[in-house]
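Report on the following structure.
By written order: A, B, C and D. Residues from 1 in each chain.
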Amino acid sequence: MVNVGVIGCGYWGPNLIRNFNSLPDANLKTIADLDEKRLAQVGLLYPNTVKTTDHREILDDPEIEAVVVATPMSTHFPLGSEVLEAGKHLFLEKPMATNSDDCRRLNEMAAERGLQIMVGHTFVYTPAVRKIKELMDAGELGDVYYVNISRVNLGIFQKDANVVWDLAPHDVAMLNYLFQADPVRVSANGRCYVQRDRGIEDVAFVNLEYPGGRMANIHVSWLDPNKIRTCTFVGSRKMLVYDDVSQSEKIRLYDKGVDVQPHYRDYGEFQLLYRSGDIYVPRIDTVEPLKIETQHFLDVIIGRETNLSSGREGEKVVKVLEGACRSIANDGLPVDLDLGG
Amino acid sequence: MVNVGVIGCGYWGPNLIRNFNSLPDANLKTIADLDEKRLAQVGLLYPNTVKTTDHREILDDPEIEAVVVATPMSTHFPLGSEVLEAGKHLFLEKPMATNSDDCRRLNEMAAERGLQIMVGHTFVYTPAVRKIKELMDAGELGDVYYVNISRVNLGIFQKDANVVWDLAPHDVAMLNYLFQADPVRVSANGRCYVQRDRGIEDVAFVNLEYPGGRMANIHVSWLDPNKIRTCTFVGSRKMLVYDDVSQSEKIRLYDKGVDVQPHYRDYGEFQLLYRSGDIYVPRIDTVEPLKIETQHFLDVIIGRETNLSSGREGEKVVKVLEGACRSIANDGLPVDLDLGG
Amino acid sequence: MVNVGVIGCGYWGPNLIRNFNSLPDANLKTIADLDEKRLAQVGLLYPNTVKTTDHREILDDPEIEAVVVATPMSTHFPLGSEVLEAGKHLFLEKPMATNSDDCRRLNEMAAERGLQIMVGHTFVYTPAVRKIKELMDAGELGDVYYVNISRVNLGIFQKDANVVWDLAPHDVAMLNYLFQADPVRVSANGRCYVQRDRGIEDVAFVNLEYPGGRMANIHVSWLDPNKIRTCTFVGSRKMLVYDDVSQSEKIRLYDKGVDVQPHYRDYGEFQLLYRSGDIYVPRIDTVEPLKIETQHFLDVIIGRETNLSSGREGEKVVKVLEGACRSIANDGLPVDLDLGG
Amino acid sequence: MVNVGVIGCGYWGPNLIRNFNSLPDANLKTIADLDEKRLAQVGLLYPNTVKTTDHREILDDPEIEAVVVATPMSTHFPLGSEVLEAGKHLFLEKPMATNSDDCRRLNEMAAERGLQIMVGHTFVYTPAVRKIKELMDAGELGDVYYVNISRVNLGIFQKDANVVWDLAPHDVAMLNYLFQADPVRVSANGRCYVQRDRGIEDVAFVNLEYPGGRMANIHVSWLDPNKIRTCTFVGSRKMLVYDDVSQSEKIRLYDKGVDVQPHYRDYGEFQLLYRSGDIYVPRIDTVEPLKIETQHFLDVIIGRETNLSSGREGEKVVKVLEGACRSIANDGLPVDLDLGG
């Protein structure tokens, strides 16, 4: 049984709290938030959990082995440092920190103390992504040539981070996991439309090059009223479309074939010729990704599993985000990445 | 009545032939193709039309005022030159030529002789695109922030041109028409997967900047088994999705609104919150774009309409393609464009 | 503030409990269930609510004004009678009882005592259905000619009731509400496939005739793996499709027009001609129907609103179900209905 | 080489003409139509074919072996009789005749003379239906419990036949073919809305019982603006949905499984649980059904294949239509069928 403390009951924290509370191997001992009212509201559902507005109560509790930090990005580094200094394992929401130097420092601190850092890269723990990995590993797609991702919806407009920092960590973490490789170059174009005066990009196209010439294109936006979460993987054998918004058909696997486009006799006929193989829609478990993710954190702590989204992975993701933003600032100039893979 | 000659009965030619033949204002006098068998086959449907394997028969015919060239791209310049030298109006399939110098030369020749060049930028004549223009002009979208285009399917793999030259002319011509403006910068990433040894890109992402910070992203590919033809226009007031593959819902107009994303109580609820306004799907005429396009050519010749896809427009499109390919060759380096607006 | 007691914490009860608990005008005082374990499990979330395995504790509590019965259908009559005898308002899940005689008796008891009975006809309180009513009342559809409903999914196979009793109450209640009228005739075909030996129908087609020649066809099934909840309303002016499974496009309103189907030149062209007007997809509130329904019960009790799904409505629905089953037993023989409207 | 004559160049005739003209084994010798203008217009595409306004020119031509009748339903019997009397094989559009007596008489005439009658039951020759048959025969669906069909769109409102005679022949012929069995009972409900004064039903629900308790429900309508062509086959092993309007996913095969519907914690979660197996979308050939159908007619004539939609089949279909209309006239009263299978 691992005693867990959670710092932050805001937007995402309650989901982590709910999941840690439901794990048989964890004891949700204490939750902390500066906002007393929010703390009371969330705390209602957890009568046996200690509530505090002072997160040091968690740090000072010798029974607590693991601390979850679900606070705004800018506090990740100072709070994370405190947690590690207190000798506790650290779960940090993504992105890991506001810059890669801070990530590196956190990783060094953890290494010195023999502690685990896990970053909340949810998509690494999503059943559909696991299924994609399984299909890729089984060779179903053949060589994956390129990936095209859309992650767009109508705001929440962040004020302290642009849309790349807000949304792209999901995709970079997912791709690094699926490819088991790190990107070597990034170029990106982005624009500030709604928050023009603040200089915060609300739409961006990020292009990553992975080893072997594999390409990934990521479209992130807070401006699209129609929510889209689509990842298309084009391989030498098959194509896979992962639609995270769909509830019943999250993954569609398209057989490949020759699309003979003969001379056509008229306008109508021309439009008929647009697919050339079977489609397969595998059933995907509907288990909540956070359940797998929080359980994995416990398993990592007790040494039962290898950390799939370690601080090292979190640092790599942040380096890619930094590179993308540098490219945006230079009108799309390509930026070489050295993730020290 | 305009006498028309057509050179080229291959892949696209028969569609032009069929449409010119059905226009009341045109007389399809002669069709030419080097391939006698193909000529005979296509010619069957046009018993009263002269068939010839020598295109000079068309050039030398004083009755023919207008010549349509629907041959491979590399022949556009030499054949186009001959047509203009023969003093005839010229309809050229897109892209106008293999490089912008040739385009410029053709335009100069036409100007000297007072002849029209029209380039087959079909999407300028597509009813759905006309509807989009109408909605944009009426202010329905507000300021158009950016456009995202996917034009992908499973090849025809071209051997003399990459996927940018093959597919992107449609999009560039359409955007220039809709924005009534020319892009000022392009950056592009592309890769050669299937024709790696030939060095012909089969997938590319092209990012255009239009004046006023408007951005357009174009994804072209010959590798996707699932045919997609989607253009998303995100504006300050509304969003429009144009799906050219859909037969009954080509255009969808999304109202905008605030997408309040409250603290959620569990996994299921979270997924509910993804749209925030009415959707409107206007009826679109099903008239064939080529019918409008070929009629427009006649109207331009007789001075009834202003050329909407003139040689000047064709030259601009080719310059954009050249810029995109230069960017691809430099790993996405941005390229400034001077289209001489 | 109305004190409420709930009998039954099984499948549906917890939803009623959760909603009554969250209403500012209600006090969820006591919940009862025979299953101690289930009671404890559900009760965890309501620390201030009394839990009991003896429902008489609710009946005997003079502070409790209103009792919710969410138990198996066969217990609706005896439990409902007890509640009314105890002088308390009664909320009964649908269907109201196993036969119309019992419904009538409950209604008589309530009338004698001046008590309200409300039946849980959820769809009367569903925002999408409310929107349909609004559009119908505004004349958007013109005369509604007929309605076609599919309510199918892969079981829960009931053992004490067939698919008509399980699923059709939703539709009959919804139609009576929308038409503000009662059906005058029913014919139905049904079959027992999976529970053939038990003689319990798992699929049925129920055809209702409403006054003025309006027709409604209801397809209910426990055998379809693909969940469908579609109601199509065809009117003289427009058609409306209500898809309850869709999250973002629950209601689609189709303009009507002339579908000219000319001679077509070939196979492809033929398929183009299948729609003839604009489509409009209004935004629908995502508020939970049970929230509206439970609030309505309180409003009815305190005399603020007129009972929209009274015991009288519940009795009518049961009479229609009885008629449908009689028709099924006679291979589809039409059965005249006298709902005493 | 079979010499073929076609009587009727109206709505459907040109499709038959085009297909017979393109078959290597057929010679389209003569086409006849009373409307000279229509004849000329259609005839343009077939310069080598004789055109006549007198169909007797076809009957009297000793070289013509086979005659295609694509005229209004009421002329099927008299024209068909003439063709058979002239000693020629007969292709009749569906429905075969206006009543089953006429069908029987035609069949007797053909039998006496050793001639073939083939009825244009197109769906027997549709690649998607062939695929369904293949999957059924391979046991993929298990026992087929029931079939649910929607064949609805916005008119062409016929003036000489109701919607059952217009649309349902397709479905009855398809079901008889797929089940290799004849229905034993029919009940139907229908209404006249738009042509109320003429008494012509424009919407109907037809319920068929096949041997072994298999049920088929057919919804036909001229009133639905949204064109739907869906057939759902629910079997003991799998479910199949055939959507004839879809171009890329005509057939979807749903695996079956247990749909555990646990207690749910709130509204959002509840909606997640609606599918329980893989989906498979097989590629379907895009060959035109009429091509297969017309080739089959030739193969039947020369004895290479057994007639799959013989006059006997046409007679059965008409008997079912008669039964359905009798049931409609009696408010849905079930009608026993004796198709003499």
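The definition used in the following text is that a residue touches a chain if its C-beta (ideal position, glycine included) is under 8 Å from a C-beta of that chain, and two chains touch if they have at least 3 such contacts.
Predicted, not measured: the structure shown is a model, and the values here were computed from it.
The minimum number of touch steps separating subunit B from subunit C is 1. Ranked by separation of Cα centres from subunit B, the top chain is C. Averaging C-alpha coordinates per chain places the centre of subunit A 38 Å away from that of subunit B.
Look at where the CA atoms of subunit B average out and do the same for subunit D: the two points lie 41 Å apart. Residue positions 226-227, 247-248, 255, 257, 264, 266-267, 271-272, 274-277 of subunit B each touch two or more of the other chains. Partner subunit B is touched in their complex by these residues of subunit C: 247-249, 255, 257, 271-283, 286. Residue ranges of subunit C in contact with subunit D, taken from their complex: 11, 14-15, 18, 145-146, 148, 150, 153-156, 185, 187, 189, 191, 193, 203, 205, 207, 209, 213, 215, 217, 219, 221, 223-227, 232, 234, 236, 238-239, 241, 245, 247, 254-259, 261, 263-267, 271, 274-277, 288, 290, 330-334.
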